[in-house]
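What follows are several structures.
Two complexes come next, and they have one chain in common, subunit A, joined by subunit B in the first and subunit C in the second.
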Partner chain A sequence: MKHAKTATQNACKLCNPLGACLAFRGIENCVPFLHGSQGCATYIRRYLISHYKEPIDIASSNFHEETAVFGGSHNLKIGLKNVSDQYKPKVIGVATTCLSETIGDDVPGILREYKKEFKNGSPMPILIHASTPSYQGSHIDGFHAAVRATVTTLAEKGEEQSVINLFPNMVSPADLRYLKEIFADFQAPVMLLPDYSQTMDGGPWGEYHRIPPGGTPASAIVSAGSAAASIEFGSTLEASKSAAGYLEEAFDVPRYHLSLPIGIKESDKFFSLLETLTGKARPEKYEDERRRLIDAYADGHKYVFEKKVILYGEEDLVVAMTAFLSEIGMTPVLCASGGKSGLLKKRIKELIPDMEELGIKVREGVDFVDIEDEAKVLKPDFLIGNSKGYTMSRKNNIPLLRLGFPVHDRFGGQRMHHLGYRGTQELFDRIVNTVIEQRQNASSIGYTYM
Partner chain B sequence: MEANRIYPDPSQVREELIQKYPAKVAKKRAKSIIVNDPEIIPEVQANVRTVPGIITQRGCSYAGCKGVVLGPTRDIVNIVHGPIGCSFYAWLTRRNQTRTESLMDANYIPYCFSTDMQEENVVFGGEKKLKIAIQEAYDLFHPKSIAIFSTCPVGLIGDDVHAASKEMREKFGDCNVFGFSCEGYRGVSQSAGHHIANNGVFKHMVGRNNTPSKGKFKLNLLGEYNIGGDAFEIERIFEKVGITLVSSFSGNSTVSQIENAHTADLNVILCHRSINYMGDMMETKYGIPWMKVNFVGAESTAKSLRKIAEYFGDEELKAKVEAVIAEETPKVKAVIEEILPRTKGKTAMLFVGGSRAHHYQDLFAELGMTTVAAGYEFAHRDDYEGRHVLPNIKIDADSKNIEELKVVPDPELYNPRKTEAELEALKEKGLEINGYDGMMKQMTKKSLVVDDLSHYESEKLIEIYKPDIFCAGIKEKYVVQKMGIPLKQLHSYDYGGPYTGFEGAVNFYKDIDRMVNNPVWKLIKAPWEKAGNGSGLAASYVTQ
Partner chain C sequence: MEKITILEGRQKQIFEKKKGVAQPDIACDTSSLSGSVSQRACVFCGSRVVLYPVADAIHLVHGPIGCAAYTWDIRGAVSSGPELHRLSFSTDLQEMDVIYGGEKKLYHSLIELIEQYKPKAAFIYSTCIVGLIGDDIEAVCKKVAKETGIPVLPVHSEGFKGTKKDGYKAACLALMKLIGTGSTENISKYSINILGEFNLAGEAWIIRNYYEKMGVEVVATLTGDGRIDAVRRAHGATLNVVQCSGSMTWLAKEMETKYGIPYIRVSYFGIEDMSKSLYDVAKYFPDRPEIMEAAKQVVSEEVKTLYPSLQKFKKALTGKKAAIYVGGAFKTFSLIKALRSIGMSVVLAGSQTGNKDDYARLKEMCDEGTVIVDDSNPVELSKFILEKEADLLIGGVKERPIAFKLGIGFCDHNHERKIPLAGFVGMYNFALEVYQSVMSPVWQFAPRKGGTL
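On to the complex of A and B.
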C-alpha cells in the first residue's frame, strides 16, 4: 500500500466547522451556530462531548431539500431569531458547512439583512461569521478561522493598554487555566481567546444556565485592537490566517509568534517573552517548576533515552511535541499529521536543524493507514497522539500514549495538561510510566522495582 | 421508599411547557406534547421538521443510512463520498460489535473510508475521485460489497453515485457496488436515512443467493444492531432453543446472510422505526410474514420467544422455549429480588430513538420503576399510536422525497409461509402478524408523551418531575447530570451492555441500581433545591 492513495482511510483530521464550534464556545455568552444540515450540529456536538464530557449546544439552520435548492437565507434568519429569543446570547458565532458553502450562500449579506429586519426586537446579539467549508483544511483551520473572525468583528482601535492578547491554539481546558494562572502570577492583564476552560470543564449547576458561565467577554475582545502585544501559539499558523496577524495588520499590535510551549526550551521562550513584555521577572514558582522538570529529566532519562516514537495529531502539537521529545533524547521517528499546511517539516527543522541526522521523518496529509504502514517499518517503542490511533496500537501491539484531541477512550481528556513546565512535567511522567509499564509487563520475573 | 410519590398533573405540565412559546410555535408544539390515554390513544404529531435554531436531539439522513442500518454489517466496505467530517463522526461511534468466524474473515467495521472531498472536487465534480476510491478499496480488499454514501455537497454538485456504482460493479464482476442518496438535508431526521437504507439493501442485496438455508425454524432478526453485544445474547438464546438465525438486519451480519435472508420463514422486528419497510417489502415479494418482538427485558424476552414458538406451531419448539425460560429465569430473579427494594417506586423518563423509548420501559417496569414521560427522537405516528394509523398519516413534502419502492410478488420466489386461514388462527391466539401497537398503548394513563423533545422542554420536565433517572444520549447526558439527575445513555449504553435477553436484563438492573442509588448525586445540589419551588427557568420563546 505504498502507492499514493486518492481516498482516505481512517483519517487523522476532523472537519473545519468542529474547530469553529469549539472556539466559539470559548466566548462568554456565545452560542455556536452551524449554517447547514442539522446532522452537522448533532455529530459535532456528540464528538466534542465525547472528549470534554460537558454539554455543548450548537444551533443549526436545519437545511432541508428546498433550502438546499433555494438557499439558506430564510432558515438562517429564523434560526438566529430563535436562538436570540431562547438563549438571549451576547454573541452568536455562525460557522458555515460544506452545504451552505457549496450553494454559495452570502452569509455576511444575510447577517446584514437580519440585523436590519430585526433591529426592533429583543437585544441584537453580536453576530460573527466564520467561513469554514468542510472540504478545505481540517478542524484546526476552522478553529483559527473562528478566532480570527471574532477579532475581525469585534476588535477596535483605542488608547493603548497594557493588556496582552493571548491566542493559545486548540489546547485543553487545563492548559487554558494554567495560562491564566501564569498571567495572574505575572500580574499582567491578558485577553485569552478562546477561553473554554470553564465552559468545557465546569462544575454542577446550582442554578439553570442557558449558556454555561465562562469564556472571553466580548468587551475584552473589543479592546484587543489596543493591546500592547499579541502572543500566538502555533508554528504553522500563518499571519494571514491568524487573529494576531489581523491585529498587527489592522491596528499595529505587535505579533509574537511562538511554538506551543512544551518542553524546557519552548517554555523558556514563552516565559522570556512574558518577562520582556511585562518588564517583570518570572515568579519564583515557575523557576521551581522548571527546576523540578529538569530534575525529573535527569531522574528519568534512562527510561526514555533513544526511545523511538511515532507522533501524530494537529501540526502545531506535533511540532511542539517533537521539540520536547528530542530535548529528552527520544527520537520521533515519524512526525505525522492529517493537516496539510506545507509548513510542518520546515517548522520542525527550524527547531531541530539536525533532524535528518537524528532520524526524524516528517509527513503531512496522512491517514492512520499511512502511519501504520510506516510503523511496520520504523518499529517504534510507542505511539503518541489522540485516541484514534488505538486500532493501530492494538493491531501492532505498540503502546499508545494519549494526548491532544480527541481522547474519548480515557477519562479526563479535557484535563490533560500539555503546556509550560508543569504541563511538560505531566507529559514526561506519563511517558516514563508508559515505558516502565511496558517493561514491567514484559518482565518474566515481575519486578516491582523497575 | 417513594411509593406514595405524587406525580404532577400532566395537563398542567403540558400547559406549562407550551405557555412560554409564542402562539405559532405553541400551536405546533402542542400537537407533539400529549397526555396519554392507553384506552383512547390520542394523536401525536411526529416526524415533522425541527424549527431552525431549536436545539434538537435529531441527526441526519446519512447518519440513519450509513451509521445505523449499513454500519453493522462487517464485510461491506462503506465509502463515504464527501468531506472528511461525516465519515470521521460515524467511525465506530455506534459501538456496533461483530464477531468473525475466523481471523481470516473480513471485518471492515474498524475502518473509516472517505473520499475526503476537496474544494476542486466540489467545483469540478467528485465522480472521478469516487471511482478511483472504489477501485482502491477493491484492489486492497477484494470485498464482496462496496456501498457508497452521499453526503450533503454530493447531491448539490450532481455527482451520480448510482451510475458510478453501476459502472464499477460491471467492471469488477465479482463485487456488488451500490450507492445511497442519503444526503444529510433529505427528510426530517435520520429516519429518512433508514428508509433509504432499507430500499437499497432490499434492491441490491436481498434475494441474490437462493441457496436454501438449513434449519427447521428459520427467521431473520430485523432492527437489531448489536450495540454493546445485544445480538450475541439473542443469538445465544436462539441457539439454545433451536431457532436458526438466517440473517440479522444488521447487527453482527454479513453480506451473504443478507443475500440469503429471503429463505427464512419469519421476520421478527425489534426496532420498528428503522426497519419496518424491509418487513413489508419482504412480505410482499417473498411471502414472509413479520412479527414485532422485544428482547429488551427478561419478561419481554420470554414473551417474544413464546410468540415465535407459537408462530411455528411446533410442540417440540414450544417445550424447548419453556425449558430455556425456566433455566434462565432463576438467575434473573435472584438479581432482581436483591435490587428491587432499592429501585421500586422510582421514576424514569425516556427520550430516545424510534423504538428504544418503548422497549426500555419493560426493563424499568421489571425494576418497579414508573415511566412518567417518554418520547422519540425520530419516530413516526405509527411508533406512538400503532400501525392502524398508517392510512391516516399525512404525506408531506419530506416523506414524498423518499422513494417508495414498488414491490410485487416475485414470480418464482413468492411463497406465502402461512395461509390466510393460518394467519387468522394465529391472530385469534393473540399473535399479531405484520402489526405493531406502538408505545402509547403500553404507557400508563396520564403519562406524558413528547415527540422531538427540545432542550428547553427537557430542562423544564426535569424541573417539574425530578425523575430518578433520565434516558437519552450523549448530547443530553452531561447537561442533565449537571442538574444532579443521572442520565443513562440508551444509544451507546454508557459503554456497557448487552441489555437484551436474560443476561442483558441482569446487566441493566445492576447498572440502573448503581446509577440511581449512587452517593455522588447527594453531593450535587439541584437548581430547584436552591430556587425553591420550580420557577428557575427564565421565559423562553421560539418563532417559526
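On to the complex of A and C.
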C-alpha cells in the first residue's frame, strides 16, 4: 500500500558538514572544525570511523545556550585558539552547521577578527571557511563546498606551471592512490585535492599523531591558480559550485569536466584527456589493465547480461555506475539518489539516450522506503550501493553489492577500488561473483565449477 | 617522542593518584571546552540513547537530516517483537522550513507515520534549530495526540542546550508522562523495574531471567526491549533497580517522589557486582526468604560454570594493564573489578559524564599511579595510554581506532556492541574478548612493540 509521505524515512543521504569534514581531512596538517553543537562533530566522527577505521579528530566550537542567543563569535575564537595550541595545525577547515547558519554568524568576519586579535600568538594557521548548512543539500554538497572554499582561500596566480589539478570527488583512499599512481606513471605533476588516501587509510603509529601524516600540502594548493589545467570528476557537479569552476573563472585555468571514470568508455575519456594534456601516450601498464578488463568482460558477460539492478548513492556515483553497467549489458532499472541536484536524469539520458526504452527509471531526492517500494515492483536481481541498503536487501532477499560510502558492515571499504580500468575490474569481478555465488547457492546439485 | 601537553582549562579534569600528594576533587559536570575534541555528544544524543530501545513507538527527529541519519539503527538494542526503533524518521527540514517554520511538516509527518506504522506512541525529538525557529512542538504533539489517540511526546533535546546528561533528563521527562497511565492490576508485591538497561545484545533478557528465577516479577525494563504499555504501568513495581545510573537516576528519584518507589543502584558487569545486584534485590524482600535462597542458588550455579572457564584467560592476562574510557562512571567501577578478577590492573580510568561522587569513589578504588580523567579527548587518551604502557583500551567506537593505531587491544563496551557483556555469561564474553584482543599475535608488528614503521 502506498502512503502519503512527508517525513524522510531511512535517509539515502547524510548532512552537509560530514562531506566538508572528510574533504578537510585530505589537506596536509589540517584539523576539521565544526562551528556548532558538540554532537555534530561526535556523530560525524563516529560515522566516518565506522567506514574508514581511522581516528578522526574533528573539533567543535561547542555551542551553549548563551552562544545561540549572543552569537558564536566568542566560542569560535576560543575554539580556534585551543585547536591551534593543542594541534599546531597548518590549516583549520571551519565548516558551519544548521545551528550557526540559522543564527546567522558571520564566520568570514569572525575569522578576520580572530586573525587580528591573535596575530602575536602561536603561528597563525590558514583558516578556511565552508558554508555547509545541514538544511541544504547533502553530504556531497558539503564535500564540494569545502574543496571549493580551500581553493578559493589558497590558490594564487603565478607563473604557469605544468601541474594539473585533479578534483576527484568523494572517492575511496584506494581510488586516490590509484589516481596518483597514474599521474606518476605519466610523469605528470598533479595537485590532487582532497587527498585523504593516507590520513583515512594509513599505517600504525609509534607515537601519537595529533594530525595523521598525509594530505595535500597547502603550498601545492596555492599554485593551483597557475596550473595548466583542472580535471574534475562528477557529472552533476556544476562549475559554479566547484573548485575547478572557480579556478577557471578567477585564473583562467581550463576546466575539464568528466564523469567519475568507471567502465571502459569513461576511463578511456580520462586517459585520452591525460594524453592530450601531457602530450604523452598512456604507459603500457594501463593498456594492459584495459586489455585484461576487456578480456574479463568476455569471460563474464553471460553472467551479467540483462540482469536488473537498483543503483543508489551520490548522484555522480550513480551516473558513473549507470554508464558502466550499461556497457556490460546490465539494466539499472532504478537509478536513485537522496541528492537533489536536478541533473541526475539529464546526465543519465546524455549517456543512454534510449534509457526509457531500456526501462531505466531515475529518481532523485528519495529515501530507502521509496527505493524499497520500487524494489517490490521492479524485482531487481541486485542492489548496488552503500551499506545502508542492507536492511532492504535482507528483508526482500535481494543480494547487495557494496560500494561507495559508507560501507560499515563489510571489511575494507576504504580499500575498494572504483575508478579506472583497475577499479572497474574489481567491480566487475565482484558483480560476477555475486551472480555465481547466488546461482551456486540456489542449485540443488552443488556444482563445483561454475 | 613529542611532548603532549594538556589543554589549559582541562587540567582540573585530570588527576593522578599518588601517595603523599594532596587529593583535590576532580572537576566535572562542566560543558566541554570549545575547540577540544570531546568524546561526548550532545543533548539530543542523550535523549536518543535513552529512548532508542522503545520498540513499539516511532522516533521522529524534527530537524535537518543529519541527526536522524547518524542514529539510524546504530545501537545493539534488540527487541523480542516490534522493531520500529530500528527505523529512522526525520522531518528533514529544508531552508524554506527554517524560514517559515516546520510545524506543518511535523504535523503531516506525524499523522502519516502513525497511520503507516500504527505505533503505540510517538517521541518527537527537537534538534538544535527547532528552538531557534520557534516551532511550538508541544502544540503540534497535543493536536496529533488528540487526533490519533496515542501519546505523542515531545522530547526537548536541542543539541546545544546543555550536555548529554540534560538529554537523559529530557528523555526521562517524556517517560514520566507515560508512567502512571497504565493499570497496575495483578502486579506482584515482589516486583521491580530495571532502569537504565537497554537490552544491548539481549542483555536485559539475561538479567530478567535471573530475577524471574528468584521469583521476582520484572514489570518494566527502561528501556531495553521497551514497550509503551509496560512503561505505563511501571509505577506498579515495588522497587526500582538502576543500572545505568547516569541516564536514569533522575527518573528513579522522580518515581520515588511521585509514587513512593525506592531505588537501588546496581551493575550487571563482573561476577562481584552481578551477584550483588541479585542479593540487593533479594534483601529488599526480607519477608520472603525464598527469594534470597533462590538468588544464592542462581549465583552459585552460574559461578560454578563460569569460574573455571575464566582461569585460562586469567593465566594469560595476569599482569596486563588496561585503560578504561566509557560514558558513565558507574560502569568504570564494575570494569575495574572485573578486570582485576582476570588478573589485570587499571592504569587509566575515565568517563564522559561522571559526577563528583563517582570520581571520589574512583579515586578510592584505583591503584596508585592510575590516571583519572573526566571528558577526555583523543590527544590525552593517547598520551596516557602510551605513558602508562596499557595493553588494552575499553571504550566505544570513537576510541577503537585510537587503540588500534597505537597497537593495543580493544574491547567495545558501548551501545553498539553485539555480544552481551552483562550477567555471568557476559563476564565470560568480556574475558574472552579481552583475551582475544590483548593476546593476539598481531601486536608484534606494532611500532610500540618494536615493529618497523
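Quick notes on this structure:
Throughout what follows, the second predicted complex is superposed on the first by the 445 of 450 C-alpha atoms of A that agree within 3 Å, B and C clash if a C-alpha of one lies under 4 Å from a C-alpha of the other, contacts with A are read in each partner's own complex, and residues count from 1 in each chain.
Just so we're on the same page, a residue touches a chain if its C-beta (ideal position, glycine included) is under 8 Å from a C-beta of that chain, and two chains touch if they have at least 3 such contacts.
Only a predicted model underlies this, so the values are computations on that prediction, with no experimental measurement involved.
With the C-alpha superposition on subunit A as described, subunit C and subunit B clash in the combined arrangement. Of the two partner chains placed by superposition, A:Lys90 touches none, neither subunit B nor subunit C.
In the superposed pair of complexes, A:Arg282 makes contact with neither subunit B nor subunit C. Common to the subunit B and subunit C contact sets on subunit A are residues 5-11, 13-18, 33, 36-47, 49-50, 53-55, 57-65, 67-68, 75-76, 78-83, 85-86, 97-99, 102-103, 133-136, 138, 204-208, 210, 388, 391.
The touching residues of subunit A, counted against subunit B in their complex, run 1, 5-11, 13-18, 33, 36-47, 49-50, 53-55, 57-68, 75-76, 78-83, 85-86, 88, 97-99, 102-103, 133-136, 138, 202, 204-208, 210, 388, 391. Every residue of subunit B that touches subunit A in the complex is listed here, in rising order: 49-63, 79, 82-91, 93, 110-119, 121-122, 129, 132-133, 136-137, 140, 151-153, 155-157, 183-190, 397-398, 401, 455-456, 459, 463, 473-479, 481-484, 524-525, 527, 530-531, 536-538, 540-544. Residues of subunit C that touch subunit A in their complex: 1-2, 4-5, 7-9, 31-45, 60, 63-74, 86-95, 97-98, 105, 108-109, 112-113, 115-116, 127-129, 131-133, 159-162, 377-379, 382-383, 386, 397-398, 400-402, 404-407, 445-448, 451, 453. On subunit A, the positions that touch subunit C within their shared complex are 3-11, 13-18, 33, 36-47, 49-50, 53-65, 67-68, 75-76, 78-83, 85-87, 97-99, 102-103, 133-136, 138, 203-208, 210, 388, 391.
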